[in-house]
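Across the two complexes that follow, subunit A remains constant while its partner is subunit B and subsequently subunit C.
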Partner chain A sequence: MWIEIGHFAAILALLTTILQGGAAVVGGALDRPAWLRVSRHAAFAAFALLTLGMAGLEIAFLNHDFSVAYVANHASTTLPTFYLATALWGGHEGSLLLWAWLLSLFTALAAWRHWSTHPRSIPWVLAILAVLLTGFLLLILFLSSPFERLFPIPPEGRDLNPLLQDPGMVFHPPFLYLGYVGFAIPYAFAMAALITGRAGDEWVLATRRWTLFSWMMLTVGIVFGAYWAYYELGWGGYWAWDPVENASFMPWLTGTAFFHSVMVQERRGMFKTWNLFLITSTFALSLLGTFLVRSGVLSSVHAFANDPGRGVYILAFMTLVLLFSFGLLTARSDKLAAPARMESLVCRESAFLFNNLFFLVASFTVLLGTLYPLAIETLTASKVSVGAPYYNKVFIPIMLGMLVLMGVGPLLAWRRASWEQLRGQFLLPAGIGAAALVSAFVLGVRHPYAFLAIGLIFFVASTHLRDFHQGAAARMKQEQVGYLLSLFRLASRNRRRYGGLVVHFGILAMVVGFIGSGLFQEERNVLLKVGDSLRLGGWTLTLESVGQQKKRNWQALEAVIQATHDNGETLQLRPQKRVYNKHSQPTTEAAIHTGWREDLYVVMGDEVTEGSWNLRLYRNPLVSWIWWGTGILCLGVMLALTQGRRLRRKTA
Partner chain B sequence: MKDLWKWLLLLGVGAILGLFALGLGHDTRAIPSPLVGRAAPDFSAPALDAGPDLRLSDFKGRWVVVNFWGSWCVSCVAEHPYLIHLGRQLVGRSDVVIVGVDFKDSVEDARRFLARHGDPGYRHVFDPRQKVAIDWGVYGAPETYVVDPAGVVKLKHTGPLPVGWFESVLQPLLTAAR
Partner chain C sequence: MAGAQSRRAFLIVTLVLVAGALLTLVYSSFTGALVYFYTPAELKAKEAELTGRKLRIGGMVQEGSLEKTPGTLKIRFMVTDGKERIQTAYEGMTPDLFREGQGVVVEGTFRPGETFQADTILAKHSEDYVPVEMTPEAIAKSKESILKSLK
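Up next, the complex of A and B:
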């Protein structure tokens, strides 16, 4: 019953969305406010209806209603309630519905918030968003409906894929989608700016928070995915440069470039066409991400829906959106001339320019690596794969270059920086960086990238700390208050700037994690009998026993490993090989001990000969810095988000 | 010249979309096997039916269809009706023989599978430790190899054999070799 209500609501939502788009175009083109109001309310209605649709499906899940095909394929009576509730996005159809629902939510929010503040843009924003939502709803209703009934009704469902029964995977898709879908709003504003020919600063100011929010969500989504891969897939790493991982990383890169270069437009009126290009590309790459996952055009662990019919539809839809957007951009770009020019090579603008260059080269590298195998396969019928070696080779130097800019950029003056100023600002941090290089060398770091990265990390951290310290010290003198209070006031007066710097600290922490785990991982692949032990890093690991474990919907073989560090610390690791009742393929549950210095990571393999077990053991230095860094990054973005549109002038 | 970037941009976007359009119909799971064109790795392994051990070299002089499967494999269930059909089709032929390789499995599970879904009638190698499967570079299940009378791997099929595979793929090979 509920599922039919949900289905019906989704169909109505499609009609309402078409109405929203049509009314917006008529209202915008002919200047009819009444039509616009219809469009706006249609956006609200579509959101309400899709919420009902989601609720219908969710209720079917919670009631174990296996007469619904989607529920029967992704749930079972033994599935724990938490995973039952989130199994909604455990498959293709449901995740698309989630996508559409989020898009309708954001559309409704945009219609509500920007209605009176951006009357010129709003008709076209509503129209563009309506087209996007219509595209997704058509796909959902006609090609991949989660509302289909199943007959005969199976007594038991096929259960959720065991790999998805993990908190990391529960949160990965919604956050990623929040990011992807969130970029639709800045994109719609950009298109509206091009259509109305007023590509001034209005759209930039209107979309700053949307962009930041989406970027944060995308970051969190990507990191959740990495976290899931790390904890659940059991190969010791978190990022494999898989095509679909790349697909989420590309919009992240262009999005990052976008909200940096948009600052230049805001302050100096430059880079207008460029910014439009960046946001269009960001959204286009988000669509590409969805397309890659959903069409199965690239082989990948993620390509679970190998269905050319859907693929053709998504490709047609994407072609429409991309050709329209980039066509509009090229047709209208002549209207946007920059009033200002770059005045000097050493200034904030040029730092941003180089920042953009790096990010664009980075995303192009990833795009090339992702599409190259497809091109080779399509054109020559042979098979290649592009893996970590390629990306590491091109990506680490780019990352180091970005670190340099990150240290220098925020402190440079707009327009023109003087040499005296530069010397005063960078002498100390450069000294600290150099000292770090020397100590790294003394401590025995010989890997060239690691070596450079250590120096740069200290350099960037000290430029940023210096910035905080100077601001706080000046304020302390001026206002006669304590250091901490003045630090707090400093950050709260200019939340955009200091939020941004906090984000940089988060990125630094993540880089520490990437360098540590990427370049200094130790791996052992061994056969152990009970009682055997081995050395790994400073640890002695002993296989104590192997036994059985059982839970509600799985049973497992579990090894118990005693680990003793040279400094006396002891702990126990229990890696498992689980078999979920409905699935015969076993999954590995790696045992992970997390510390701030290193992770111990043990994966259980097969019993190779009687009584001896294959175990893979890893020592991953500094991995947890990635997760903590992401937390810091989020705090920074949230700080920046709390500030309104106008940049407050510095009082000091 | 000033507008060059516009054309380059549109060209780039068009090229990417075109690539997807071309790549869409492609079966991304078909992985070319390095074995094709080379001598098939011989095996000598216990049979599932407790009869004498099976050896690939026993079939020298005949075409051999080697089908890798397991009772744990979902797609194998979908493939099974065609294998039964194929088994019947090839009964009594002196030039072609089918051999199954049941890997990563237990005898009980495998026999239950055959009892439940039907026995295609040909013999199976029992390969619980995946020795044969690893030698042959099996990637998943089901996978099917065709070995010619000289013992050279002629082709590999990844995934369930489609209905009509014998007529459209194997028969032309046999005819061409004659």
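Up next, the complex of A and C:
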């Protein structure tokens, strides 16, 4: 019953969206306000209808309605309610519906918020968003419908994949999609600006907060995915350069490049075409990410080609979006001449230019590694894979280069920096960085990348801290207030700038985590009998016992390991090998002890010979810095988000 | 304005140099990191040209071929595609999905005539788990599709 209502609502949403697009084009081209109002209300209606569609499917899940094929494939009566409610996005069809629903939500929000502030752009924004939503709804309704019925009705569902029964995986897709879909709004504004021929700064200002919000959500989504991989997959790492991960990383890279280079457009009027190119690429890569992961093309090109409808549709849709966007950009690029030229190598503009170069090469690296195997497999008979070593070889130097830019960029003067300024700004931070290098050498760090990274991390942190300190000190003198209060006032007066610097601190913490865990991980793969011990880092680990554990929809073999650190700290680790009732394959549940210095990570293996167990143990230094670094990053973005649309304020 | 012009030229030259260095880095890392995938039959056919290359072999773990050395993590097994088989050895923890009669992908350096020493065993973790209560025909069919998708 509910599923029919949901299905019907989704069909109506498609019709309403087509109306929204048509009315917007007529209203915009012929300047008819009445038509525009129709379009706007159609956007609201489409959102309401799709919400009903989502609710229909959600109710089917909560009622264990296995007459719905999608529910039968992704749920069972023993699935805990939390995972039952979130199994909606556990498969292709449902997650595409989530995508479409978010797009309709953002379209409605844009129609509401930008209606009076951007009357010239809004018709085209509504039209473009309507086309995108129509594309998705056609795919959902005709080629991958979550509303389809199943007959005969199975008495029990196939259950949700055990790997997805984890909080990390529950939150990963929605956040990722908030990011992907969020970029649709800046993209639509960019296209509207090209269509109306007013490709100045208006679209940049209108979409600044949309971009920041989407970028933050995308970051959180990616980190949730990494966190899930770390806790659930049991291979000791969090990022494997898997195509699925790469798919979400590419729009992140171009998105990051975009909101940096947009600052140059705001301040100096340069990079206009470039920014349009970046936002278009970011959105196109978001689409690519969705489709790569959700079309099955990655598991096998041939399986993908065997489902001709979906594959051809998705390719056609992507091609259309790309041709339209880049065609429009090329046709209108003559209107985008910059009033100013880059003047020197050492200035803020050029720091942004190099920032963009690094981010672009980074995303090209990922794109090449992700799509080349697909191309080879499609065009020739052979199959090829590009391993993690490729990415690591390219990314570590790029990351170090970005750290340099991050340290100098925010402090450099616009147009041209003088020697005196440079000396004043960078002498102390460079000294601190050099001191860090010397200490690292004395402490025995010999890995060249780790060595350089330590120096750079200290350099960047000190340039940023110096910036905060000087601003606060000046304010303290001027306003005769305490240090903390003036620090607070400083940050709240220019939330954009200081929000950005806080984001940099978050990134720094994450880099500490990447370097620590990437270059200094220790691994042991051993056979242990009950009572055996081994050493790992400063820890002594003893296998105490092996026994059985049981919960509602799984049972497990569990090892109990006692860990004692040389400093006296003791703790217990309980890795499991679980078998879920509906599935024959066992899954590993790693036991992880998290600390600020290092994680202990233990994976349970098989009983290789009578009484001796295979265990894999890792010491992962500094991993947790990645997680809380992401938290700092979010705080920074939120600080920047609270600042409204003011432009060209004089910065102190 | 000669100063301004030379500053600009300096900027452009630096930009080109940095971009060139980065792209060289990408190119050199990329060409060295490609690992091709073969079935045992393809491998036998191209033995000569693939000697000493890092590659992946995909097939099924042949029933009855899995041997364990007691007291160690060393295992030996045959990877087969129904036509040819490759003797493979591995030391370490095997993935959850690894067992006789299952699809497997092993990665290592190929030397014809010698046992293939695998550095890595990859298990496909796909979203489509096979439920426990399956008919023998369904199992046979899913094996066939695993082999097909491996190819």
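In the analysis below, the second predicted complex is superposed on the first by the 637 of 652 C-alpha atoms of A that agree within 3 Å, B and C clash if a C-alpha of one lies under 4 Å from a C-alpha of the other, contacts with A are read in each partner's own complex, and residues count from 1 in each chain.
Heads up, the rule we're going with is that a contact is a pair of C-beta atoms (placed from the backbone, for glycine too) under 8 Å apart; a residue touches a chain by one contact, two chains touch by 3 or more.
Here the structure is a predicted model, which means the values were calculated and not measured.
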item	value
Contacts of A:T630 with subunit B and subunit C, given as first, second, both or neither	neither
Touched partner set for A:F291, first subunit B, second subunit C, both or neither	first
Which superposed partner A:L315 touches (first subunit B, second subunit C, both, neither)	first
Contacts of A:F326 with subunit B and subunit C, given as first, second, both or neither	first
Subunit B versus subunit C as contact partner of A:T378, first or second or both or neither	first
Dominant toucher of subunit A (residue count), subunit B or subunit C	C
First, second, both or neither for A:N494, with subunit B first and subunit C second	neither
Partner chain in contact with A:G369 - subunit B first, subunit C second, else both or neither	second
First, second, both or neither for A:T463, with subunit B first and subunit C second	neither
Touching both subunit C and subunit B, counted on subunit A across the two superposed complexes	299, 303, 382-383, 584-585
Contacting residues of subunit A [partner subunit B, same complex]	277, 284, 291, 295-299, 303, 306, 308, 311-312, 315, 318-319, 322-323, 326-327, 329-330, 333, 371, 374-375, 377-379, 382-383, 584-585
In the complex with subunit C, residue positions of subunit A that touch it	91, 158-159, 161-163, 233, 299-300, 302-303, 341-345, 350, 353-354, 357-358, 361, 364-365, 368-369, 372, 382-387, 389-390, 393-394, 397-398, 416, 525, 527, 577, 582-588, 603, 605-606, 608-609, 612, 614, 616
Partner subunit A, residues of subunit B touching it in the complex	3, 6, 9-10, 13-14, 16-17, 19-26, 28-29, 31-32, 71-72
Subunit C residues touching subunit A - in the complex, by the definition given at the top	4, 7-8, 10-11, 14-15, 18-19, 22-23, 25-26, 29-30, 32-37, 56, 68, 70-73, 92-94, 96-97, 124-127, 129-132, 148-149, 151
